[in-house]
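Once you've had a glance at the structure underneath, I'll fire off some questions.
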Amino acid sequence: MGKGIKIVTIGGGSSYTPELVEGFIKRYDELPVRELWLVDIEAGKEKLEIVGSLAKRMIEKAGLAIKVHLTLDRKVALKDADFVTTQFRVGLLDARAKDERIPLSHGVLGQETNGPGGLFKGLRTIPVILDIVKDMKELCPDAWLINFTNPAGMVTEAVLRYTDHRKIVGLCNVPIGIEMGVAKLLDVDHSRIRIDFAGLNHMVYGLDVYLDGVSVKDRVIELLSIPENSSFVRNVEGQGWEPEFIRALNVLTCPYHLYYYKRDEMLEKELKNFKEGTTRAEVVKKLEEELFELYKDPTLSIKPPQLEERGGAYYSDAAVRLISSIYNDKRDIQPVNTMNNGAIASIPYESAVEVSCVITKEGPKPIINGDLPVPVRGLVQQIKSFERVGAEAAVTGNYDTALLAMTINPLVPSDKVGKAILDEMLEAHKEHLPQFFQTVDV
Amino acid sequence: MGKGIKIVTIGGGSSYTPELVEGFIKRYDELPVRELWLVDIEAGKEKLEIVGSLAKRMIEKAGLAIKVHLTLDRKVALKDADFVTTQFRVGLLDARAKDERIPLSHGVLGQETNGPGGLFKGLRTIPVILDIVKDMKELCPDAWLINFTNPAGMVTEAVLRYTDHRKIVGLCNVPIGIEMGVAKLLDVDHSRIRIDFAGLNHMVYGLDVYLDGVSVKDRVIELLSIPENSSFVRNVEGQGWEPEFIRALNVLTCPYHLYYYKRDEMLEKELKNFKEGTTRAEVVKKLEEELFELYKDPTLSIKPPQLEERGGAYYSDAAVRLISSIYNDKRDIQPVNTMNNGAIASIPYESAVEVSCVITKEGPKPIINGDLPVPVRGLVQQIKSFERVGAEAAVTGNYDTALLAMTINPLVPSDKVGKAILDEMLEAHKEHLPQFFQTVDV
Amino acid sequence: MGKGIKIVTIGGGSSYTPELVEGFIKRYDELPVRELWLVDIEAGKEKLEIVGSLAKRMIEKAGLAIKVHLTLDRKVALKDADFVTTQFRVGLLDARAKDERIPLSHGVLGQETNGPGGLFKGLRTIPVILDIVKDMKELCPDAWLINFTNPAGMVTEAVLRYTDHRKIVGLCNVPIGIEMGVAKLLDVDHSRIRIDFAGLNHMVYGLDVYLDGVSVKDRVIELLSIPENSSFVRNVEGQGWEPEFIRALNVLTCPYHLYYYKRDEMLEKELKNFKEGTTRAEVVKKLEEELFELYKDPTLSIKPPQLEERGGAYYSDAAVRLISSIYNDKRDIQPVNTMNNGAIASIPYESAVEVSCVITKEGPKPIINGDLPVPVRGLVQQIKSFERVGAEAAVTGNYDTALLAMTINPLVPSDKVGKAILDEMLEAHKEHLPQFFQTVDV
Amino acid sequence: MGKGIKIVTIGGGSSYTPELVEGFIKRYDELPVRELWLVDIEAGKEKLEIVGSLAKRMIEKAGLAIKVHLTLDRKVALKDADFVTTQFRVGLLDARAKDERIPLSHGVLGQETNGPGGLFKGLRTIPVILDIVKDMKELCPDAWLINFTNPAGMVTEAVLRYTDHRKIVGLCNVPIGIEMGVAKLLDVDHSRIRIDFAGLNHMVYGLDVYLDGVSVKDRVIELLSIPENSSFVRNVEGQGWEPEFIRALNVLTCPYHLYYYKRDEMLEKELKNFKEGTTRAEVVKKLEEELFELYKDPTLSIKPPQLEERGGAYYSDAAVRLISSIYNDKRDIQPVNTMNNGAIASIPYESAVEVSCVITKEGPKPIINGDLPVPVRGLVQQIKSFERVGAEAAVTGNYDTALLAMTINPLVPSDKVGKAILDEMLEAHKEHLPQFFQTVDV
């Protein structure tokens, strides 16, 4: 990396890209990016050009020597990369809308990363990620893969189980969001808060919370037991925990826990969106269209503030912060998805977990907080089982395995309903699930 | 035990007692019972006398020298006992009816050992069991406690966690029922079938099935994937597994798994019973009344065949078989609830599990089959978390802990619904839950 | 096995064979052996014929229909076998003498299964066992491999790690010997004693001892703390434990523990034998010559009593008892070497351990006694590390790995001494260690 | 700590104190020490005054506002302390000389922290540490105990097992020494090297080595296989590893490993010292006398360079660096002794281990590197067993337990020799081992 860093962003035409570019600009002093390759597929060409032009304008305005390349040829981009980030969406927002609407039409939660929707996003995404890893092994074997593509837990699990590439980090903005929320709740600067995170992606708990190094968990839990405080993270809103429940649980939850500890209420809310045509994909689709209209403006040379409403807040910060910490061997503590290696007892060593890690040049190293509390152990294990079986289904394209993953998901009410959803979703996503439809000549 | 065995049965006035007596009669040659003490409480005095008289007639008819004692004084009975069996029901069938009907009135499964009903049966039962253990430590410290009282998993967990008595075995007729069902399915004698059981009480899986020592699991799974075969155990009827699901799960399930893998369908069925006033407690209450009418008949001196419809089939066989195996050091293999000690990885050593054990004079020793399959690990862990938190709530009488147990149960849809059910059930069972209502003088 | 059982004994020319034959004769009623194939190599042809003739005479005298085949062609023998027993010695007693004498010449314990001698016996034996397993996979994939060939722990580890054959049981007469010794100490019949064994081959501990199902461990430990009682097993004599030591250790030891807990005294004794030319191999060689003289006698048609002095007492009983228990699904408890699967915490699931198992038609299933006591955990782990590294060296023929195995063995005083012994032994056993001397063409 | 930090140093009269003082002076900017209390016992009063005066002169010369207090009253000192460091030696160097010479007189390694000497240092030290912790719970419950007193592993184990104080860190200069040695070997600055340490105190391995974040383990191992490089740490000199051994071991060792992997050679060397009256205690005693002569010089107001020869090099740096990292929440990575909590599989969660930790205001948090390599797992487990049994003996004063600890130590050749050493050492250290000699009135 002597001559500066080469970054490759798969899914470079994403509406998030300006955040990422902003992140690189802000940290150029410590993270001398030489080349930024934005890669996308044919179907995303137009967006890639819009976003790519904006990226170039932003860098030009900042007066930096980062060279932006736009390409549809992934292999050309990957050659000798230092970091590869992935933020693509197989099937675009239309696929997400199906992930949300089909389960809901069966009375089951439809969501991008949880339940049947999460499973299908995994089934579509994992084969592509494994292909990218295959290319990386050939073209840039020492590069780090920084994956933001959801479902990050299942995707990281798949890379750890089905490849020998170990330089992968799954990234999520949920933990940062929780830290931000706690900071706001306590009315202190974010930098003074640290949380011991442990669990899985979108199933992560804060086991302890520190303000200036002193545990303030009891105080935070007490504040969270006041209903108006309990949902402090954008994107998913809750109605507040029953105070006695959150006190007895005695750990910080993440917004996605609402789907499990408030299953009925969340379902009801989503069903309302379903009927009104305002599921998240539908909302985001409109937001994205507006964003791309903004991006097209040739006088725009900064990240437009409207992007923050998109829902990916802190992603840019999380991603560039992580890359910088690896590059600079910063040894700061960040919650990421990585190989468990014993950080959480009762989860296999080789599985992916989301835990606070110290970030070194050698990558993230989980720090140890002992075992998960008894009350949360079960749900974490259950989602891990779901992720493992789901990853297996994605790789094998086996129908029975997919039904198994579907049925053991705690949001799916039965094998029968699961099968109905599975059949309809397989058909709907057929184009992006070749592994389930290939005719094999024997 | 030189002069013959002393058995004490707590809850001796139960309708099941004739089965137990029959079991002792059948095996008198190998199990020389000298005294059988049937113990009950004041409220059960009448039933105790009816059942006790029948027991005496049965033994007289068999021409055996077993002396039957009826008493309301537990301590007198326990003195120097060899085996203590527990089959009582705190609050009788009325309490069971509440356990079933209150959750259903909130649209949540109401069942004796699962979900909110299981939790409340535990909250009522555990303090009594711990009292019995306390008496045993004083009066018969070397006696075995053979517990059939449900929820057997949570009860065994409580004894292992909150007492130092280790001579406890939790017994259930579900595994025997599964073996019987498999034998019938294969049209072979029960004695030729053996199943490797592992899991928790009412959450037990058959990891492998042997016919004459040769694995026939694939064949059995194939048979079970035919809907009409899949529910072969009395008491809880299902509608058959989706064939692809059971094939991918690739282990034998127990009937209670229907509540988890067919949550909606089972709920619908129970709601129908709820509306028709035919929940299990209501049905059983009628059955019991009929049984006690039969028992009163002074000419009856055998176990009446109608008892088999009651639902406790094989219990007698299971209990007496277990006592005989311990007494005779038979070293046969039986599935029971005992301390895990490493038999199931990822469940703590000191927790209760239901696993195939070799039964020796020193008690049951789990046999090892390796770890649980990935797809079932999550649900088992989740129920174990529920059992541990529930046992803690039973011992402490802490409201928040009880709400936590309620909410982490996979059948309860949210903390809010859980709280509503909890509050209503606490009030309804107030009389039998002193630990939640005591005024503590400080 | 409908037409009777086919047994194949590799190393059939061994002096132990008459014991085995006697075992089959004694149990013919329950174990209908149809064919017994004694297999040996060219160098053992004469012995095979002597022993084979005796075997035939024994069977004829017993009036049984077992057909004895003698062959040098292993593949012919293995075809459709039901049980394969292995009791061969690569390099015969001359190799054993080197295993004993070379380490002793460097002032290090020389012994057949411990220290450098054990390592080299493993290095010679493992490739042959893996070859046999390869043949079995082809010719009798459902047969059980009953291995008595030492070092049984390292050999079983190698089969479990480097093949996918799981039907292997490593057998040792040490645990039976301990049970016999305890029975004698308590002056009761052997059948009334049962011991919970756990550990590794030749590193096995008795965690508890039962007389008629009641723990008598304290009494036995107290008896063992009387020096004259402490070494009750033939073959290896000790001088008695320090009473305070054995009381604090509080478990039963096996004779081989003397090499570790009385390292200096045992070494001194062996050095005396070394000087006098009376190491075990040298003694046994003479015994064997005498035995074969006896075997030649055409009027001999029983196992001669002198064989008992040979040191393999109870082997016949152990082996045939095990085969019969598997064949008859006896579910009795026997200590054997099998896959750990969680029976001993802190030893990997897939490693070989020696533990009490219930013997079923599906093979041995470890029974659970919780974790090893703290004081013995370290030594067991150390020998397991030695076995694993040794097995790897045997398979790879890697010099460095062999030196590592040698040096981490607790009987070897340093890397330097280890290297000197290694070099001399490699040269001495060159003929039987082709994997270390192959020229590889690249 | 608003008004500056209060440090209490138990054993303040130690010859090491000037290093510590130098450390505080060097880092005063980041670590504003307000009070330094040097505590000692009556017997150490003279040394305390000498060292205390030097400390005052050093601080005065540096022109800092640190107030130095000298006292024999521990309780007065502990009141409201922020950090307590312990560097005392029960029985002074005379006791150390016995720890070294008595085992050697029996032909067994005599060393301060390994073998019988290490056990006895633990037996003398642990009761005193537990007393200090008891005082801390009362007088400064939130203070950190930074323990340098050896045997740091057994001492930390004892605090974790026998108290509920969790704010303890066991510190050792060995890991820093290894890092320094590697830096020198590679001819780079120490700050560019980081090593993943895992194991136990004085039994720690470097699992990987990074130069500027890139693994250079293979290169370092290759360099270490050159004999003249292999012993790069002062205090204990070795003769170089057999190249094939260290290559196959494939991890970095610490100097104390020489006692295990070069047992005979190290013993021979120590026996030579024994005969010449130059065991370490004897050498150090002379060094200390010389040091105290220097310290007395009223014109001396810096740490005299001769102290570096004393053998405690880097201690000052390690201790003050650790205190500063906790105080400043530096989150840097340091190898310390702390509760395992899953960092090393197969070692219990609640045991002490020496591992690389990230140092936060909440204390050290182990970072995860997966399991220990197979070849070293056994020895680590064995020393952990020794430490646990030794700690138990120290607390209970039980003779049998002490003999058990002695005998399972890999440096002790037998229970018999162990008993002889135990008896002689108990007698020799009688004054400092009241727990073994108390008359208990019953």
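A, B, C and D label the chains in the order they appear, each numbered from 1.
Note that in this section a contact is a pair of C-beta atoms (placed from the backbone, for glycine too) under 8 Å apart; a residue touches a chain by one contact, two chains touch by 3 or more.
The structure presented is a predicted model; accordingly, all values stated were derived computationally and were not measured.
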Each chain counted as touching subunit B and subunit D at once: A, C
Centroid spacing, where centroids are CA-atom means, of subunit C and subunit D in whole angstrom: 44
Inter-chain centre distance, subunit A versus subunit C - centres from mean C-alpha coordinates, in Å: 55
Residues of subunit C whose C-beta touches two or more other chains: 345
Touching chain combinations (by label order): A-B, A-D, B-C, C-D
Residue numbers on subunit A that touch subunit B, as the complex places them: 239, 241-242, 244-245, 247-249, 261-265, 345-346, 374-379, 381-386, 388-389, 398-401, 403-404, 407-408, 410, 413-419
Subunit B residues touching subunit C - in the complex, by the definition given at the top: 194, 208, 210, 212-215, 329, 331-333, 341-343, 345, 349, 358, 360-362, 365-371
